[in-house]
Amino acid sequence: MRPIANPNFAESVAASFQKQGAMHLIRATLPVVEHGLTEIHVPHWDGVEQQHGFVHGGIVGMIADSAAGYAAMTMAPAGASVLSVEYKINMVAPADGQKLIARGRVIRPGKTLIITTAEVFAVNDSKETLCALMQQTIMVMHGKAEK
Amino acid sequence: MRPIANPNFAESVAASFQKQGAMHLIRATLPVVEHGLTEIHVPHWDGVEQQHGFVHGGIVGMIADSAAGYAAMTMAPAGASVLSVEYKINMVAPADGQKLIARGRVIRPGKTLIITTAEVFAVNDSKETLCALMQQTIMVMHGKAEK
Amino acid sequence: MRPIANPNFAESVAASFQKQGAMHLIRATLPVVEHGLTEIHVPHWDGVEQQHGFVHGGIVGMIADSAAGYAAMTMAPAGASVLSVEYKINMVAPADGQKLIARGRVIRPGKTLIITTAEVFAVNDSKETLCALMQQTIMVMHGKAEK
Amino acid sequence: MRPIANPNFAESVAASFQKQGAMHLIRATLPVVEHGLTEIHVPHWDGVEQQHGFVHGGIVGMIADSAAGYAAMTMAPAGASVLSVEYKINMVAPADGQKLIARGRVIRPGKTLIITTAEVFAVNDSKETLCALMQQTIMVMHGKAEK
């Protein structure tokens, strides 16, 4: 792992997450922000369901993309922001749980591009079941810190 | 294009969409359902925003995935349901518009797997700007119609 | 489409292709190099086969990646080189033909990242059958022209 | 991990690999075949190079796709064959080594679809450097064993 480029990464990430209306809308929280790793949690409630009562695949993709993007942001310099260029996600099981946890991790922190992965787990009585696997490319926008 | 396998595909798709809490949550509508093609629209409102005031990439991914999945469903037999196996999406421009339109299309309708694409456009005064491009794999679950 | 950034793009692309040992190895040619579009052709011979006698999926991926990468290169400035960051490919039919044609196209030519697609066709008596669909991200390395 | 569905998986995989002209062409070998895991090795020689003298990205993709596909085949029933439906690969560093090792692994072995990943390493004096990361979907063709 690379040395920490922004000593205040946790505050920067929390401040950015706080401004995302879409994360509030789905009742997501960001309880874990470490260097190269974050977690987004979403409770299972009717607003995030698809037609069979599981959590919607779009919500699964949304928190996978965001968790991995914020993992990348923890390794970006203080004056930079990050942008999700693209991602690919496999849905490996129905998102059938009391809550979902998306864990994003940095695989390779380049200067311009950061490669990340995320796993999304459905949690039932603290038993985690893998429901999605994502691979993502993040671009670092140097000198363009978030306002 | 293949012959129509389910003459009531439009009703089946509309009924499924109607049951998705997550689509209601983001205020999405499904105004276009044709054989091999659907459109999902989302107005720009603060509940779908990210930290810069654009529509959240997760919402873009969510409607791309759903529009293409429903395009696949229009070509599935009456007694079958469809499942989004995986997708890959490139974000090509900020989702900066009064509303978003996701257009899903079937590229190759196989018996077990259907390959689709979706484009997401940001719309300003009826001018459309491409903001995302998606490629997706759908599995057809024969004999497992949605309830 | 953007204006032409490198008036000698066809020569630059041809010179780069000429230096790729792997393209010679599989007997690939590059008969089409236009602004934003290239074609790579590979004859069907036993050196590119998989276990069923079709062309190997790896060869299909290889020419899709290269055709789209060279399409991106036609739109890069004279002093720049291009790098394939990532791609995603769906195999939609067996590569069963007398030859394969990979057609790469630029979808969105950004300054740092260029988004492309490629289609690969199996050709039998000039009838083309789609066998693969690819979506790719290319990075432009400014000031790092190929030697 | 699932129980072993085909006790002769190693022989089945080796026999299939042996019939792939394209693997011979690039001088690939398959020295590791375990339950849920395989390795393909390719020496660095001029026939697999791109224009800068590194191993061609297409070769990297080819061995990643094949190693993960064969990892899936180790978990398929005796009477079944496997098909690479799609994959997504990130190139994270130049393939600059004396040889390449692609390690394919099964992540989730479903009945119809198997989800896999592969990592490709460039090896220099037994030091391995990650150069690519892949995520793949494999379809199991029941009752269609390879001849």
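Letters A, B, C and D mark the chains in the order given here, with residues in each chain numbered from 1 onward.
The rule is simple: contacts are C-beta pairs under 8 Å (C-beta built on N, C-alpha and C of every residue); 3 or more make two chains touch, one makes a residue touch a chain.
All figures in this text were calculated on a predicted structure; none of them were measured in a lab.
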item: Chain pair showing more contacts of the two, C-D and B-C; value: C-D
item: Per Cα centroids, the chain farthest from chain A; value: C
item: Chain centre separation (chain A, chain C; CA means) in Å; value: 33
item: Whole-Å gap separating chain C and chain D, where each centre is the average of the chain's CA atoms; value: 22
item: Interchain centroid distance [CA atoms averaged], chain B/chain C, Å; value: 29
item: Residues of chain D engaged with two or more neighbouring chains; value: 85-86, 88, 90, 137
item: Contacting residues of chain B [partner chain C, same complex]; value: 88, 90, 92-93, 107-108, 110, 115, 117, 130, 133, 135, 137
item: Complex interface listing, chain B residues touching chain A; value: 16-17, 19-26, 46-52, 55-59, 61-63, 65-66, 83-91, 146
item: Chain D residues touching chain B - in the complex, by the definition given at the top; value: 85-86, 88, 112-113, 137, 139
